[in-house]
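Going by the order they are written in, the chains are A, B, C, D and E; count residues from 1 in each one.
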Amino acid sequence: MMGSLRSTTAMFLKDFRSELRTRYALTALMLFVITTLSIILFSIGNESVSPEILSGVLWIIVFFSAMSGLSRTFVSEEERGTVLTLQLLAKPLTVFFGKLLFNFALLASLNTVAGTLYIILINDFVVKNYAIFLLTMLLGTLGLSAASTIIAAVVSKANTKGTLYPVMAFPILLPLLLTVISATRLAVEGAPFSEAAGEFRVLFSYFVVIVAVSYLVFEFIWKD
Amino acid sequence: MPTAILHASNLAKVFNRRSIFSNINFVIPHGRSFAITGRNGSGKSTLVKILAGVISPNDGNFTITLDGTEVKRDDIYRHVGLVAPYLQLYEEFSAWENLDLFRKLRGVDVPDVSLDGLLEKVGLYKRKHDLVRTYSSGMKQRLKYAFALLHEPEVLLLDEPTSNLDAEGMSMVSEVIAVHRTKGIVIVATNVREEVQRCDASLDLDADPARQGVRS
Amino acid sequence: MLRFLLGIWLTAVIIVSFAFPIVANPRQWFEFPVIPGLDQKARILFFHVPMSWTAVLAFAVSMVFAIRYLATKNQDNDIRSVSSAGLGFMFCLLATVTGSIWAKFNWGSFWNWDPRETSIFVLLLIYGAYFALRSALDDEQKRATLAAVYAIIAGVTVPFFIFIMPRIMASLHPEPIVNTEGKIHMNGTMLTVFLSSLAGFTALYVWMLNLRIRLARIEFQRQTRG
Amino acid sequence: MMGSLRSTTAMFLKDFRSELRTRYALTALMLFVITTLSIILFSIGNESVSPEILSGVLWIIVFFSAMSGLSRTFVSEEERGTVLTLQLLAKPLTVFFGKLLFNFALLASLNTVAGTLYIILINDFVVKNYAIFLLTMLLGTLGLSAASTIIAAVVSKANTKGTLYPVMAFPILLPLLLTVISATRLAVEGAPFSEAAGEFRVLFSYFVVIVAVSYLVFEFIWKD
Amino acid sequence: MPTAILHASNLAKVFNRRSIFSNINFVIPHGRSFAITGRNGSGKSTLVKILAGVISPNDGNFTITLDGTEVKRDDIYRHVGLVAPYLQLYEEFSAWENLDLFRKLRGVDVPDVSLDGLLEKVGLYKRKHDLVRTYSSGMKQRLKYAFALLHEPEVLLLDEPTSNLDAEGMSMVSEVIAVHRTKGIVIVATNVREEVQRCDASLDLDADPARQGVRS
């Protein structure tokens, strides 16, 4: 389905390496999270903020991490003219799932660190129901990476295809973000797991839908 | 290696309403080399890209048949190797890392030794661990040959094969062509007369009625 | 030989700084006075402050050689610069740790964005970024140049902190030992110990710096040959 | 000083036009602003938030958007290999000031959008002293674009661009951010103009200092 | 046009501790063409880049003097024109927009008519409003000549001048060289024997003791 798994991982590893050439680069990622967090910490200062807002802010951070990976994904292939090379090397879907995997890995690792530090450092942010919180994080990361991958693909072609696709990115992302935020709230308010079931269903189906759609349209975006 | 045949029947390409070429017809049997010539902007590279399956013709069609079975369009990339000026390799990786990536992406099982052999052949063995970013234009061109030959394709597409190369590089190219001719099909798009003459057959895009050189 | 003296010196400082009692109004030569706000905790002053100062010193040195590098393009200057920066980072961490331990007992929490804490935190961020940048550059000339450039850009923004921090948040952090009124909370003994510790740490820094530079140079030569 | 003004504007216009064609940066910026804003709105819901926090949040949004868009100017030159071309066409400073101008324009338009939307959409955020607010916006944009431009120049030469950029920019931008935030607070609290004078002095000198330093070091970054 | 002289005295370049070449010495008087040869990776382009003032030698120095006054290093870019494979123009702009940008950036007052003339000369006039992205490799190479000649530089640096060009393009190049030779200095870095022989003098980097071809 996604080309052979082996080549997909190869695709993934390629992006992974070009982003993290040296072993020190991991510290760069850590710093990235710390940086983003400390911005929040600074502006909060010593006053107390409602958990609602805090759960919103958490997802702003996550979204930001997603964006910073986004530019790397397809635009740089486009600008360096390596698209042709990839077309000659692998099936379109191999490329897509490779990129998706990379975005997911990047986002997941960033979020793990971010989430942990967020809970540790921000006293007002107390997770009462970890089951909900973790599942939300997972599904949110999945959905966000899927969405940002296909968006990145579209953006990278925006100039050649001369369209306004990018604007579509926003309506695509919004439902996801709003759902994860409300799910996070539930986690903070310590609601029973069942209560978040609705959100989870939304998140999961969102991920499935996005991947399915990407699966169908990517070839058209990729080949000109 | 299977016997390959390439059929092209009245291929035509139009780029935003400018017809580049039309009703291009040719057949290249196994074991032949085929030259495509024409002035700058006549459509050589476009034709090459079509044959490589990365862009689709506006009209006509072409088929690569291996031992009588036709290659599906989506699988063409497995059976062609391309060297071209507009081909870009990953500059932030070393030659070795590039080839390693390529074999994994293609899912072909090329042992390390033959990667080294390939690098030796194109004369980059000693430099295999330097980043491609730091390569000279000729070294990059040489690496493209490794890229094209790695998966032992039946059809070898060489667009301006000798550009950026020194004497020794050029002899390498003619050797590659000579050897590969026996294994399958070699298609050369070039402006250099000698290279055209060295081929078994040739197609001049300028002769095409709907030809589109730069001037016109 | 020298390094043994240094070792002995520092151990002496450590022992003394813990052994000597702190009393309300010292009579014997071996007694420390009480510094208002920090009684027994004052002892950490002998380590915390020298560490922070050494860090500041190390970064200053690194900066100087960075500028020298840009002027001369001589790789050796980069070696010195980066070696000193590394040590500065280490001492900075130590100062932060000791500081925050101190803070825990003085102000009740390890960390509460006190201006001094904030400024040192930013210092750590800057040099974290500095090393991340270095690791992301292959060509050594480029690495040296850009690292130097970044250090300089970062350097010029530091003064702004000194200025704006007070405007934004009040500090709990004790007055500089040498403070505006020039009044010194220390008696002769304490000052002696403090200064010896300061000298000790500085010497330690110098010694370690030389080690690192020599090591880096050897590494450099080895790569040149190999 | 900055090469002839004519060539600087030419440099600016070039980036401007190619941005209009590709819309990479603009997309990233706007997408980010709009999404973040709506996240904030959603998470605030109908509870009321202190203006202190709101003014912090505003600048978080601005900072993040800047980080996801402003590095493009140099990164794309690097990735397409047009750096050599520029080196052969103009003095380094022409390039720098051209890019600076472009980033300023980009950020200014971004801030205008962000600020306006912020005031319109968030009820608790009421600017009582527009003189302070606008001047803060202006000076903040100036300083932010200056710092992020020179950092972008450095980052464009590095391997891990996506994550490294904010990491390197944040500590340098922090004094600026803290100042604009406190200035914005004053604007919201409706303090007299004179009270913000200190902040303005800081912001202005920050801009001057950064530009001066860039002026001195840019050649080292640009020429290898 | 002023009389130009180019002095190079024991130039040396080291990349990551690998010496590419050392003690390169030559003088090129006004009205001469000078060829630089050497196998792939021998350092031709590196030398060209040094002469163009975009990278600095690790040792030695070179000077361009116009009517006896030496050109400051920061101003070299005003007096050299470069054509090279590693030169990239702006693909999202048309040929015309590129040239328009270049004249403005350089701050030279080239009237529109002479831009058209230039485009006519390199054979792109008819296509001047198409995006460079859509150009063929040869057309891009032609546009680079417009880039190099726009500001009428005293020193013309041609790295692999005829790559990607067709017969007509090649004759254009030899004409450019012939004409420009009378106005200043032409330096050609190439592997093509004919082009070397056509020059007044030549430097073979392989002859350099510290030479570094790909193989070594």
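Everything that follows uses one rule, which is that contacts are C-beta pairs under 8 Å (C-beta built on N, C-alpha and C of every residue); 3 or more make two chains touch, one makes a residue touch a chain.
Computed from a prediction, not measured in an experiment: that's the story for all the values here.
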Chains touching both chain C and chain D, listed by label | A, E
Target chain E, source chain A, minimum contact steps | 2
Within the chain touch network, how many edges lie on the shortest path between chain A and chain B?
-> 1
Pair of chains ranked first by number of touching C-beta pairs | A-D
Tell me the angle, as a multiple of 5 degrees, of the rotation that maps chain A onto chain D over the C-alpha atoms.
-> 175
Looking at Cα centroids only, farthest away from chain C lies chain B
Give, as an integer number of Å, the spacing between the C-alpha centres of chain D and chain B.
-> 46
At what distance in angstrom does the C-alpha mean of chain E lie from that of chain B?
-> 29
Taking each chain's mean CA coordinate, chain C and chain E are separated, in whole Å, by 52
Rounded Å distance, chain D centre to chain E centre (Cα mean) | 38
The positions of chain C in contact with two or more other chains are 125, 128-129, 132, 136, 138-139
Going by the touch rule set out above, which residues of chain B reach two or more other chains?
-> 86, 92
Hunt down the residues of chain A that sit against at least two other chains at once, touch-wise.
-> 18, 21-22, 25, 28, 31, 35, 38, 42, 45, 80, 159
In their shared complex, chain C is touched by residues of chain D numbered 150-151, 154-155, 157-160, 164, 167-168, 170-172, 174-176, 178-179, 182, 198-199, 202, 206, 209-210, 213-214, 217, 220-221, 224
In the complex formed with chain A, which residues of chain D make contact?
-> 21-24, 27-28, 31-32, 34-36, 38-40, 42-45, 47, 49-50, 52-53, 56-57, 59-61, 63-64, 67-68, 72, 76, 79-80, 159-167, 170, 174, 177-178, 181
Which of the residues in chain C end up touching chain D in this complex?
-> 70, 122, 125-126, 128-129, 132-133, 136-139, 141-142, 145-146, 148-150, 152-154, 156-157, 160-161, 163-164, 167-168
Touching residues on chain E, where the partner in the complex is chain B = 15-16, 38-41, 44-45, 85-86, 123-124, 126-127, 134-139, 141-142, 160, 163-169, 191, 214-216
Per the touch rule above, chain E residues touching chain D in the complex are 49, 52, 54-56, 74, 77, 80, 82, 86-93, 97, 101-102, 104-107, 147
